[in-house]
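Scrolling down, you'll hit the structures one after another.
Paired with subunit B in one complex and with subunit C in the other, subunit A is shared by the two complexes that follow.
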Partner chain A sequence: MIQIRNIHVRAKHVLLHDMNLSLPAHRFICLVGASGSGKTLLLKRLLDRLPDGMSSSGEVISDEPLRRGLDIGYIPQQYTDAFLPFLTMRQMLRDTYRAHGRKMDHPYIDDVLRTLELDPTWLDRYPGELSGGQLQRFAILFAVTLKPRLILADELTTALDPVLTRRLLDWLTEYQHQYGATILFVTHELGPALHYGEQLVLMQDGRIVETGTPQMIEQSRHPFTMSLMQAHRTSPEERKSSCTQSYP
Partner chain B sequence: MYPVLSVTDLTYQIKDQPILSNISFHVTKKASIGIIGESGSGKTTLGRLILGLLKPTHGLISLHGKAFPSGHRNERRAIQAVFQHPLASFNPEWTVRESILEPFRRHRPILRHFPATSEENLMTALALAVGLEERLFDRLPHQLSGGQIQRAAIARAISIEPDIIVMDEPTTGLDVVSRAQIIELLERLQQTLGVSLVLISHDIDFIRRLCSETLVLRDGRAVDLIDRLESGSAYTQRFVEAGTW
Partner chain C sequence: MKKRWLIFGGCLLFFISYTVFTNSFNTNIAKRLEPASFEHWLGTDGLGRDFAARLFLAGLISLGFSLLTVLLTACIGTCLGCLAGFYDGRLKHLIHRLEDGLVIFPDTVLALVIAGLFGASPQSLIFAILLIKWISYARLSETLVTETMQKPYISMARINGLTDSMILRRHILPPIIRQVVVLMSLDVGKVILFLSAFSYIGLGVQAPLPEWGTMLNEGRPYFSSAPRLMLLPGACIVLTVVATMGWTRWMKKKGGHVNDSDSEHTRSGETRPSA
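Let's turn to the complex of A and B:
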């Protein structure tokens, strides 16, 4: 269990307003909100990596130690920035194990490569020699290299095709069950969150609006949640009432 | 109906490596064609070929029955693009207003729907058409949100009343509400301006809502050209199912 208590982040303005949230262990939790709602900032606060010029108060309490890199795996939204351009994937992987005094777990790495449909020969490539989709999957490999108990995945599926999106989320679910991990998946898309999430946390303008299971969110009477659900639904009749702006 | 855009047997190769092979389809007035497929299937390359940004190895693209691109000035007005990352398509040092007016100033088109009497009148009409407050046009591109800059890119594309707009992943990165509003906006523009749309997207629901026909690409080849997503091959069915939440 991770407890977020009175987390408050500000720069010139308040960006996260007194957040209180309990993240149960071994769950697939989805953090859903529009751009600018504070989702990524909350992840960065959990990682203790707030950008310069921001101050924060409040605390993050965990039942178990959460050491960055070892217990927490982070898949950043800007995954291309996560690689050193002058090292191959294999060199970076080896350095990751060395940094934590571990031996490379070849069978595990081979298994992850296979699941993520990454060709093992690509390990000898530099980041500039791989496509965006391939780099994104390598970012996942690096995040899970040391089998962390908590995975923070920021907009993991943006720009991925539907088949790959499902494959990655299925695999994260398997990982969660196999290693008893907690997944915190940040997304602006409600569909994957309702499908994969065991608990959803909805955010707006730096505040938590509502938390609950997918069923609770689908039946919620909260105006913000209802507007998200309405925009998400497929029927044009249902959709019309969610777009109230009038055009010529 | 007479096609606005025709693509016939289009093939594109890089060093004898086929990227797209024998693609054919056409788009009529007010119609929308969706182009879907896995990453690396050739969707964006097809979009760039349609825009005349790449030269086909063989095959033909025609606009209103004439080979495109021919180099005629007016044909550039007829086909406009909204790219995957709209922010990157705006000059970061110009206000959004300056960027939107740039194609209008270059083409000086005769407009049927928007008032061309003055730039101010045109901008007011465009703001209303895309549902943006006009004051936002005086900001720099990075000062707009993802949904706002997407609307601004659409405003720029429609400002010269093109016959076709090619859009590459227009909903990527948009939250559900912004996305629903963009769908509503495109439906409306199609009806009011009579524009045809070529929509390249991973977003199956977006394609389902807007497109009268869908081309499914796999490894650079057309797997299906269908009017209902549910009527495609087994491959298309799996793909559509994966993208339906």
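Let's turn to the complex of A and C:
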């Protein structure tokens, strides 16, 4: 269990307002909100990697110590700059293992590569030789390399096609069950959150609006939750017609 | 390319064997100021020593000395600069204060003071150059490290639990080393000039060791009778410095970005006085 107590982040303005949240262990938790609601910032605060010029107060309490890399895996939103341009994927992967005094777990890596539909020969490529989608999948591989207990996934599926997105989220759920991990999945789409999430946290303007199970969220009467639900329920035909009306 | 290196290696070997077989320290007053002959390719100097052998040995000494000095300076400066850029705290302030304390001394004046304190020798000169030149390397590397530290891959490396030394070695040093090498190539020429100038006034390499600056000084009394004794060492200095400039341009083309006028890298635009 990870407890977020009175987390308050500010730069010139307050960006996160006194947040209190409990993240139960071994759960698939979805953090949902529009862009600019503070989802990524909350993840960065959890990682203790706030950008320069921001100050924070409050504390993050965990039942067991969370060691970087070993216990926390992070899948960044800006994955294109997350890799060293002058090292191959294999060299970077080896460094991650070496940093924790371990040897590369080849069967596990091969298994993850297969699931992520990544060719093993791409491990010998430099980041500049890979496409955006491939880099995003490599970011996922790096996050789960050391089988961490907590995975923070920031807008994981933005560069992926729907089929791979579904496969990947299925695999993350499987990973969560197999290794007893906690997944904190940040997204702005309610659809995957309702489908995969065991607990949903809704955020707006740096505040937590509502938390609960998908069923509770679906029945919520909170205006923000209701607007999200309405946007989610709108059929593709309706969306298309509204677009035609807006841009004739 | 391979052929060019083979020709260069062959010439080097040829000159080394010439220098070894023709002892450049043997004086023979009977043969002083002889013109070029089969026995002495560039003639002899005022003490009857083989001038070609001395010129080549002087070149080796000048180049070796400047390369060693620049390498030492770059190592010390880059290490301190990396530490100042990587760690924010007392160490950084200490390095900055050290830089500020030394930056006020013009390099020539400091070299003269050190030569006065410890005696005229190449070691004193190396020490003086070290004291002055490390600052440009420290500032260049500190700026580059600070820039690199803002990159998302450094943040990811920390999140992945990589140690400080690993991040420094694998993530930070490789991109900055290329620019440090460019600065080094610029400095090699400058140090050769510095050494020659100090040897010319008798504060650098001491006789009987040959050095281009010393040879210029030794040839001065014979300028009217044997101008080659001054012209050839002078030409060697100019050609070597021009060659190092060419090397710098080539290095820059390969990816370094150090400005020619920027070898005295500064933190906040201040410049070091030069004598």
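Please note the rule applied: the second predicted complex is superposed on the first by the 233 of 248 C-alpha atoms of A that agree within 3 Å, B and C clash if a C-alpha of one lies under 4 Å from a C-alpha of the other, contacts with A are read in each partner's own complex, and residues count from 1 in each chain.
Assume contacts are C-beta pairs under 8 Å (C-beta built on N, C-alpha and C of every residue); 3 or more make two chains touch, one makes a residue touch a chain.
These numbers come from a predicted model, not from an experiment.
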Once the shared chain is lined up, is A:D81 touching subunit B (first), subunit C (second), both, or neither of them? second
May I ask you to decide whether A:P162 touches subunit B, subunit C, both, or neither, giving the answer as first, second, both or neither? first
Who does A:L47 touch here: subunit B (first), subunit C (second), both, or neither? second
Figure out whether A:I72 sits in contact with subunit B (first) or subunit C (second), or with both, or with neither. second
Look at A:D95 in the shared chain and tell me whether it touches subunit B only, subunit C only, both, or neither; answer first, second, both or neither. second
In the three-chain superposition, say which chain, subunit B or subunit C, touches more residues of subunit A. B
Once the complexes are superposed, what residues of subunit A are shared between the subunit B interface and the subunit C interface? none
Residues of subunit C defined as touching subunit A within the complex: 151-153, 155-163, 166, 170-171, 174-175
Please give the residue numbers of subunit A that touch subunit B in the complex, ascending. 33-36, 131, 133, 155, 158-166, 188-192, 194-195, 227-228, 230-232, 234, 236, 239-240, 242-243, 245, 247-248
What residues on subunit B touch subunit A, complex-wise? 37-40, 84, 125, 128-131, 145-147, 169, 172-181, 183-185, 188, 192, 202, 204-205, 208-209, 238-239, 242-243, 245
Note: in the complex, subunit A contacts subunit C through residues 47, 49, 67-70, 72, 74, 76, 78, 81-87, 95-96, 98-100, 142
